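I've put the structures underneath this note.
You will see subunit A twice below: alongside subunit B first, and alongside subunit C after that.
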Partner chain A sequence: MSTSAVRDMSARTTAGSTRAGKRSRSTSLARRGARTGFLLTLPALVPVLALVIFPILFAIYISLNNWPLFGDIAFNGIDNYLHLGDDPLFLPAVAFTLVYTAIVTVPILVIGYAMAAFVRSNRRGAIVFRTLFFLPTVVGLSTLSFMYLIELQPDSGAANLILKWVGVTDGETPWFIHQGTALGAVCVLVIWFGGGITMMLLLGGMQAVPAELYEAAEIDGANRWQREIRITLPLVRRNIAMSLVLSIIGSFLAFQQFVILTNGNPGGSTTTVVMRIYQKAFVDQQLGAATAMGVVVMVAIAALTSIQLFALRERE
Partner chain B sequence: MIQKKKSRAVMIAALAVSVTVAAGLSGCSSAAPTSGLGSKASGTVQFWDRSAITPWSKQVVAAFNASHKDVQVKITSINDAQLSSKLATALRTNNVPDLVTTDDVDAISYISAGQFLDLTRAIDDAKLRDVLSKPQLALATVSGKNYGTPAVLDASVLLYSKKLFAQAGIAGPPANLTEALDDARKIHALSADDYGFYFPGACSGCLAFGVMPNLYADGADLVTGDDLHAQTATVEGNESLQKTLQFYQDLWTEGLTPKAAQSDTGSGWATNFQKGNVGMAAMGLFGYTTATPEEQKDIGIAPLPGASGGISTFIGGANFGIPKKAKNAAGAWEFIQYALGKKMQELTPSGGFAPVRTDLVNDAAFKAANPIVVPGLTASVTGRSLHTLYHNQLFSVPAGPWQKMFTKAVFGGDVKGAITEGQAGFEAVLKGNG
Partner chain C sequence: MSQLASRVAIDSEPDHASAPPKPTATFIILGVVFSLIFVAPLLLAVFRSLQESTQVISVPSAHSIDNLSLNNYVQIFVQLPFLQFLANSLIVSVGGALGTALLATLAGYGLARFTFRGRGIIFGILLVALMVPFQALLTPIYLEFNAVGLTDNQLGLILFYITFNLPFGVFVMRNTFAAVPKEIEEAAYVDGDSALGAMWHVMRPMALPGIATTLLFTFLACWTEFLGAFTFLTSEDKQTLPVGLLNLVQGSYGQINFGYLIAGSVVSMVPCLLLYLALQRYYVQGLAAGSLKG
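Let's turn to the complex of A and B:
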């Protein structure tokens, strides 16, 4: 072997070992980075484990037991799940909640979008309208429900008196005694309430759209409607997805507005699924069966949300 | 040798830690455990109180703490709607209160689950048995044993407008439902804006409180049987029920009740009566105590009449109970005895309640000082309540058979069909299939 060949080999070996060293250093750095990243997420991870993951696992455990509110607990496997349909009110409550969700979701989005489009510019008075539209969210659904209850009273409520004044009704409509009118009345309240928060969610996205895009489109001759459809709508897609997800989850978990306004009347026909879970736990005093219902609802919402997010994902 | 020394040191350290921890724990828990009811009590009594009666309870606690040096009561008022869930959570741990007050109707749930101490002997030893309201004590009784005592009475009564009664020429409160209907018609005849009777038609529990005494006065009930696990429904063939539902249907169909009644889930129960244009309503004393002084001048109070006569009431209110795991049961029992004393029971009207001592029913001085509680107190002797494990499913939810039956009979105009459906509904719930 010549000297040059040895030198060449040595050089190649050195280069190889340098590359290996670099690789090993970068792997080590990556590992250290990953560890640091993990350690940095710990403060957030611990509460999630303690306040979300553990309670969910414990809820699943409760659902596998005959767990009365008071008294002895006995493991009964998946019995609670198998007998969910035996509860005379659970499936009707699921059906009612789905109908309610289907009714309010689109109007909340459309009205929220319209309000956001109306107040997104910095024109005069925009802040006043923003505040007015968002006011229901600040007041809160429970308070609004109580106010609404008073204003929908037959004979004395403002809504009935106005309807009488304009000649639509005799002013004595008892809105909450039939399933249809009760559902309709609650939907109107929730759409008004939900529109404000949807407006805020969409407003952030709308205000992030660069003004140059609108200017360029305007120069190209696009009218206001075309600019909305071709520019704004695609660019707030993520915000719309988030609003829809939150709106559907909120509707599926509807509780206080129905408790206050209808309390399930007439005859339990306006009982939502969460109301039924509550009744199962604290009226029937069967925590195990109630938790099984809760787990099923949780899985259904998770599945629904995944489907929504997949359908509304950004396509590259 | 070194090993032996080491293990001794570990033992001493462990002992020291145990003593320190034990001392610390006893310092932050309720009290040093005191065995036996009626023995000398000491320490602190942790008292969870249903919020509805807290105005009275706080007065009793203040008086008790001022007069007892060795034992002190710490009261925690808990919202009625949250009491059962909080208590259920506590009872599954060793962190229970020493004393609780529950809605007297709910007490049976805790008792049947074996969560409360047997107070039978203590009640006898304290000579309380003969002075406590028997119907209310029965709500804390299973198989002849008392697992609690009454605390305060919330009896349903008939509130009426003295002004409208005078204007309509009605001499006094009705003695039965036929008279009540006649009186309602006379009041409505005064003007279209005056109504004879108000009831919250969509509030299941409120209706049980106001309507059931019409049956109780006749000796009738909808659920019968002492064995809580084998009770039967007595809805069909119940003449008092038929008369009572017909009375309410007549009120509705003849327009003697404001339209708001049909959808009222309870929020307008008192306020709609207090407006001054309603002649009568069946409710608790809160209908009087929450009225303005001006409105109170116009409100008369009378016992609720039976469908065919007689008087009765729904025995509502609160019962005391001592959880089995209570650390200071002796202190709790000492407080109960104090709260059931005449002096403390005489304070109940200030909170809108009536006393649970029967000797006050005939106490002329007490009655003269507290005329508003007299009608309910008088009726409480023959009063009853819902003594069933299924009272919530039967009487407290809109989908329950009671509310469905009432709605169909009164607003749907079908008393007979409602009773037939009601029998089936009550039976299903009592069999555990509701």
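Let's turn to the complex of A and C:
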């Protein structure tokens, strides 16, 4: 071995070890960064895994069993799903909830759109109006339902007195003894409440429309109505799609407004789907059958949500 | 309250080189009419709460405004366990809001600033959690809670609230941190800070609006939540306001006292209104962030 070769070798080793050292240091830094990132998300991940992801799988398992609240659990395959229709209130509740959703969805959208169009400018006062229009939404549906219950009392409630004053009724309507009037009363509350959310969801989209488009259209002689239909509406259609899906999901999951105002009466005819799930589980104490209903709702909502995701993807 | 509203409104008015266009008379008249439609029922509730309980449900007459008093407010605290309901609502709402904000801040920082294996999966899991309706998962969650003694336990309800508000909070906080220039944070690392140290010293001031949004949204969501409290809490002394008021409606305390009911409703309404009017800016930001993700 010549000295030059030895020198050469040692040089190569030094170079090699230096390179290796550098690599291992940068890997450990990246690894530490990766570990930090993971550790930071872990505390949030644990409850979500425990109370969302696991329950989804657990729900499927529960729904495949005859699972009383107390007593022996027995596997029964897809029996719970096959017998969903045997429940005296489940299918009527689905139908009722769909009718309710169908009634409130369009008015919420139209009123919300009108409100958003009204307050979208930066005119003085517009922001104050925006704030005021949104107040019922902030208060929440439970508290509003209690207040509304009082205003629906025959002879004394403001809703009845206004209808009497307008000359539509005698002011003595007991709203909750018929399915139709009970449903109508709840729909009015929810439309009044839900317009504010839609307004806020549409507002962002409307304010993103470039002012030049309106100016150009105005020069071309388009009136206000034409500008709304031809410019604003197409440009906010994704916001509309999104608020529609959110509103439909919200209506389909209706619970407290009916529990507080009708409690399902008369004769269970104003029972919503979520109310029925609750009753099946905790009143009838049949968790298996109740969970099967829950899984059906989950699948239906997932389908709706994928429409929403599709609408959002288009934006990019 | 209207004073508060107008102050917020002026604050949040974007700066424009030219003064905003003058409102027309039609605009003002229509605006006032619509405002009345949305605000008058809330004011009516406040008025009702001052009436005697029999006046609340009697045909209005010249005597409807006789004897206006705060008696209903006194009585709900004396005759009903209303103080307990109020305290319970505060406990679960503050607990839910603080827990959500803490976990969302950590996770939002982790997701915005670090790349690590499984990041995509964690994102996917949060997205699923954002979209799954908890209404459909009542039974499995109930059985889980039951197995570990968290049914009829406010800690259980707080965990439930944290879980279902977290996805929203994480997305808000992730966006907040992602908007902070990386250079600012790197300076902290050069000064020898750890990741948490950098977050605390440098990012905190810039993250505060996001944290405020998360706190406000979660607090209001917990304060007005009904189904979870109705399902997971069974003892009366653990109940929150909305469910406590339902007991009143369903006659748990004898004949329905509408004076108590309306006073109780006003008490649960007021914190929502005050928080919203005072922190409106953060509320609107949160709504924009939340709506992007559903």
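List of remarks:
The rule is short, and it goes like this: the second predicted complex is superposed on the first by the 248 of 316 C-alpha atoms of A that agree within 3 Å, B and C clash if a C-alpha of one lies under 4 Å from a C-alpha of the other, contacts with A are read in each partner's own complex, and residues count from 1 in each chain.
As a working rule, a residue touches a chain if its C-beta (ideal position, glycine included) is under 8 Å from a C-beta of that chain, and two chains touch if they have at least 3 such contacts.
Please read these numbers as outputs of a predicted model, since none were measured by experiment.
Of the two partner chains placed by superposition, only subunit C is touched by A:Arg35; subunit B is not. Of the two partner chains placed by the overlay, subunit B and subunit C both lie in contact with A:Leu149. With both structures placed on the common chain, the touch criterion links A:Val94 to neither subunit B nor subunit C. When the shared chain is aligned, subunit B comes close enough to touch A:Gly267, but subunit C does not. In the superposed model, A:Met206 makes contact with neither subunit B nor subunit C.
In the superposition on chain A, contact is made by A:Ala59 with subunit C only, not with subunit B.
In the superposition on chain A, contact of A:Met115 is made with subunit C only, not with subunit B. Put subunit B and subunit C next to each other and count what each touches on subunit A; the higher total goes to C. By the touch criterion defined above, A:Val186 reaches neither subunit B nor subunit C.
Contact with subunit B, but none with subunit C, is seen for A:Phe176 once the two complexes are overlaid on the shared chain.
Within subunit A, the residues touching subunit B in one complex and subunit C in the other are 146, 149, 153, 155-156, 263, 281-282, 287.
Looking at the complex, you find that subunit B touches subunit A at residues 84-85, 88, 91, 109-110, 112-115, 202-203, 258-260, 262-263, 265, 267-268, 392-393, 396-399, 403-404, 407, 411, 434. The touching residues of subunit A, when paired with subunit C in their complex, are 33-41, 43-45, 47-56, 58-59, 62, 115, 118-119, 121-129, 131-136, 138-144, 146-151, 153, 155-158, 161, 192, 196, 200-201, 204, 242-243, 245-246, 249, 253, 255-256, 259-260, 263, 274, 277-278, 281-282, 287, 290-291, 294-295, 297-298, 301-302, 305, 308, 312. Against subunit B, in their complex, subunit A makes its touches with residues 68-71, 88-89, 146, 149, 153-156, 172, 174-177, 262-268, 271, 279, 281-285, 287.
Those residues of subunit C that touch subunit A in the complex are listed here as 5-6, 8-9, 12-14, 16, 20-23, 27-28, 30-31, 34-35, 37-39, 41-42, 44-45, 48, 56-60, 102-104, 106-107, 109-111, 113-119, 122, 125-126, 128-129, 131-144, 159-160, 162-164, 166-167, 170, 195, 220, 223-224, 226-227, 230-231, 242, 245-246, 249-250, 258, 261-262, 264-265, 268-269, 272-273, 276-277, 280, 283-284, 287-288, 291-292, 294.
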